[in-house]
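Each chain gets a letter, A, B, C and D, in the order it is written, and its residues are counted from 1.
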Amino acid sequence: MSVEYTDSDRLLRVSLGPQHPSTHGVFRMNVELDGETVVKLKPVFGYLHRNHEKIAEGATYLSSMPYTDRLDYICPLTNNWAYALAVEKLAGIEVPERAEYMRVILAELTRLINHTAFMGFILGDMGAWGSALMYAFREREKILDLFEHLTGARMMANFMRFGGCRNDLPAGWREQVGTLVEGYGPFLDEMEKFLVGNEILLSRSQDVGQLPAETLVNGGITGPMLRAAGVSYDIRKVDRYGIYDRFEFRIPLGEKGDVYDRIMIRFLEMRESLKILRQAIDQLPEGDYVNPKARIRGFKPPVGEAYGRIEGPKGELGFHLISDGTPNPYRYRVRPPSFINLTLLEDMCLGLDLADAVIILGSIDIVLGEVDR
Amino acid sequence: MSKDNIPLWSPEHLPLLPQRLVEMILANLGAPEWLVSISGFMVAASTVLAVFMTAFALLSLIERKTLARAQNRIGPNRAGWFGILQPVADGIKMLTKEDIVPARAVKLLHLLAPILIVLPAILALGVIPYGREWTPVPLELGLLFFFAVGSMTELSVFMAGWASGSKFPMLGAMRAISQMVSYELPLIITALGVVMVSGTLSLPEIVQQQGGGFWHWNVCTPWGIVAGLLFYVCTIAEANRCPFDLPEGESEIVAGHMTEYSGFKYALFFMGEYLGLFAIAGLFVTLFLGGWQAPLPGLGLVPTWLWFFGKLALVIFSYLWIRATFPRLRIDQLMRFAWLCMIPMALLTLPAAAIWHYMGRGPLSWMVVLPLVLVPWVLVAVIFNKRLAPATRTYRFADG
Amino acid sequence: MQPTSANTPAQSPPEKPGRWMLPGLGLFQGLAVTGRNMVQSFYNKERMTTVQYPEERAPISPNFRNFPFLVYDGNSIDNLRCVACSICEKECPPQCIYIVLERDENGKSLKRPKIFDIDVSVCMNCGICAEVCPFDAIYMDGEYELATDDRFEGLLFHRERLAKSADYHMKLRPEQASEVIARRKAEEEKKAAAAAAKAAKAKADAESKKAAADARPADEKGGDA
Amino acid sequence: MSVDATDIQTSIRAALPDVEIFLRTNPGPSGQHSLLVGNGDLLGVMRFVRDELAFDFLSNVTGIDWPDPAKADAVASDGALRSPHGFLEVVYHLFSTTKRTGPLVLRARTVDRAENCTIPSVVSVFRSAEFQEREIYDLFGIVFTGHPDLRRILMWDEFADHPMRKDYVAPDDYEYEPTPHGEVLERAQTHYPQTAG
């Protein structure tokens, strides 16, 4: 939309945030409005900045693991995995098969958590009074109970270790996951019935916030947002990290890349995650849950650097580590998907309503712990 | 039936009891006529106020409980039995909170706005017939009075938004004005159909004409069902309820016109909103659902005001249910819906009502009027599907 | 690898394209879902998952971890397993552990902590201290009702507060504790055997060491001052 | 699928003969070797790898502070441009979404850590660098010439230092929480003497 604004006094400058109900934390958007139309939008970050990278550079490799839980606190286990993967690349550690399966199960459960919670959040942004959020959290709770049973904590799992996982599956855990997976399909059906056909939701979300696929790739957008625009780029398929090449699953692709597609892609992704989970539970082998050669105390990777990345629920989560042979990383860099996915926020929102900007932000699915680090 | 003949304690006349007691006592004390009538009037007004204040308190709890249940929660259950004392706790909290006035606010208007939002709601409640014998102020032009008073609400909402001297309230006020003005039109037009058929603006008279079973209610006529539906949607919009709660729009503009209010002024906004909700839902019941009329003849033993409040409760419950389910519309969609769908459809009910009025109730008029209102609906449905309906989509899957 | 030639067009829920949709049907579907939840939340445990906390409590998993505690054997907290090696202090991510080694008047390590403080307002419950401890001395507790009105001293747990008996550990995590006890027992037996073998040799060495030790006290005094 | 940095170097050399580009071998087991690009040629190389080699996705931009250049050489060795003093470095990780290859690791260095810490901005080639370059500017103090909106992003605007540099000294008042031990307490006591004791 190209509109000439000569009289800047006509514009209403509104600061959405940092305390605002739908900025998903302490995020701030400085918006200029013409009536209710957004003509300028500048995101402001840093309210939750704690210099995670600096802390990690002053700590041992293992000590950073619990801090990764706090990056994207909705899905700590994928963060754990990304960090463990990067360190394993850096130090050349093998991961036993059983641990890989455990990681896949946990990562896909995390994806379920994230996407389910996303449904609730986006509906909250659209003004549905919390019903979807409560249903989502009800189901999320069940997965969190499983996490608590396995890792000892509901959110701050701190579970992956370099070369495996911290402890083995408790007795009966695998069966519990099986029951959960069976119960999840009906829940998704109900959720779809609740949301996807709803005319208000359709008219709110369709044709809102779309950008050409090339722009998205160039802007570094990853994850469901990119795939909603029809770009088939899922790191589980591209890098085939872990043991993802053993599972049969598909990558859902949208056509327009608007908010509606982003919602739908996440729905479809959850169904694919359920497929992966079913296969992983069936195939889970016996064996070591951690590489017996991996050391917990006094871990010093050789000199070198490594960039490891996984397909987090929000996009490409990467860790760039540089080791100088000491117990502390020389450089520890997080490639946070929610932060980089915000790059094109302004482009998506220009010319649309204030209410649209809110749901576009919601559809990017950010977590401020990761954006500000 | 003259006043003296009716038994004092009949359930039908229970709501009038305080008024009649006061009048009787005063008359026996030999008070002058004017004092008796004024006192009686004030007591009658207080009765209505007391009833609806209680209902407001109850609704604030019931709304939270209902929403909670719809969301698989329990809702407030700590204050008293089933949380019955929660409204009291809320009231005390609101009263004891600090009242913050923004530095750039227009102080006088900022103070007046919450008062002015309660006032019209109370006034409007005065003209609604709650029972056969219970109409606080049986005005000849009751409907006109209702709308005249009801449109004051817009003014106070805008006053609140403007006087706050802040941006979110301003945006909320802008939204409120455009929304309420737009939805007032179909609201009044559909009510006009009822007026045409009934031939009166007096609300008790309109209810009286709907007697004799639910098939006599206005909503059970071919034009009435359309008008009633439109009216219902408009009441939601007028009451700023979800999915038309844009003036508050808590996910976008924080709390709209109420953003800069706190303490008791905020509570007054809530009270005004709930009382307005009772008034507008009461009007809907009166105009279309037969007011205090029993749904079936032969239910004369039940006091009529119970029927009214039962219907009111149902209508309000439907509001709650909708609130638990729907997302909010966007402002342009809301306006388009009002001007492109609601108003033309509302206008169409007028000729339909006119034809119905002149042809009288009967199978023939059903056959004439029904197509008149049905055809536009089908047209809208088709157009909606062809043009306006959001596209259905298919999704590809990549295997690699 | 080739670009995504494997894009197989597939049908996806929930709407078939071209289906004639009654306007508002989706809205009623939504109402049906909330209505069902509204009714079922009165009797369906699957839907109404709320636990009324102080009266009822959700079961705690045996793996649940909260803040660390120190294990002592027997009945006295003087028998802490902790030898004040400070490994946990070094590995602790938020650096909330503070250990001072207890020494006797000669400055010789007594292999137990004089001060062992954990600032639980800083602790992030990660469990790394328990993981790195080579002496099975520190484990994660499951106690969670720790509210206090003293933000500083009330949230600083000293040795006395942290110390809990091995029985407590056994009650809290029977599997882990019994494994630990079995391992410690085996180690002790091994150590006892080794010690018995060593004792003879040590006795022989003792005489010569004593002679060397006599020469040292002067230095140590200087160091203390 | 990983890429062979040598091949990329050869193809870049073939197309752009004047470009300063050196291979840096990674001694670690990850085998992610990198290419060090001269500052003047960075944009050209970026554009070339994007358009000709289909590396259309700039995933990650890392800033690194090397006060000791020997350390930098240890991590990414055998190249020229051996710097006599410390410098700041930016590492780019590129991937190809169409060919599904990557990461291609490119590096660029500033001349030193004090006056000449400029690197050309690649935002005109890759939008995804926009916030990441701002972050590096904020935390490391590398000035990206040609960046459309180079402001601090995570720290507040009035903040003076660059906290991710290795020689950054934290202010003594950053966290007043009387933790009963350690440096924080000491710092708190020096900063707020009235609370001492």
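In the analysis below, a contact is a pair of C-beta atoms (placed from the backbone, for glycine too) under 8 Å apart; a residue touches a chain by one contact, two chains touch by 3 or more.
Since the model is a prediction, treat every value here as computed from it, not as a measurement.
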Central chain (by mean CA position): A
Most distant chain from subunit B, judged by the mean position of its C-alpha atoms: D
Interface with more contacting C-beta pairs, comparing A-B to B-C: A-B
Euclidean distance of C-alpha centroids - subunit B vs subunit D, Å: 62
CA centroid of subunit A to CA centroid of subunit B, Å: 44
Centroid spacing, where centroids are CA-atom means, of subunit B and subunit C in whole angstrom: 58
Subunit A and subunit C: spacing of chain centres that average the CA atoms, whole Å: 27
Multi-chain contact residues (two or more partners), subunit A: 131, 135, 138, 194, 198-202, 232, 238, 250, 252-253, 264, 268
Per-residue multi-chain contacts in subunit B, two or more chains: 70-73, 324-326, 389, 393-400
Shared interface positions of subunit D, touching two or more other chains: 1, 100
Subunit B partner contacts - residues on subunit A that touch it in the complex: 12-14, 20-22, 33, 35-36, 123-131, 133-135, 138, 194, 198-204, 206, 230, 232, 234, 237, 250-256, 260-261, 264-265, 268, 353-356, 358
Touch list for subunit B against partner subunit A, complex: 67, 70-73, 167-168, 170-171, 174-175, 242-243, 245, 249-254, 323-333, 389-391, 393-400
Subunit C partner contacts - residues on subunit B that touch it in the complex: 66, 69-74, 321-322, 324-326, 380-381, 384-385, 389, 392-400
Subunit D-touching residues of subunit A, taken from the complex the two chains share: 45-46, 49, 51, 53-54, 89-92, 214-215, 217-222, 231, 233, 238-239, 301-307, 309, 316, 318, 320, 322-324, 330-331, 333, 335, 339-340, 342-344, 372-373
Residues of subunit C touching subunit B in the complex: 1-2, 4-12, 15-23, 27, 30-31, 33-35, 37-38, 41-42, 47-50, 52
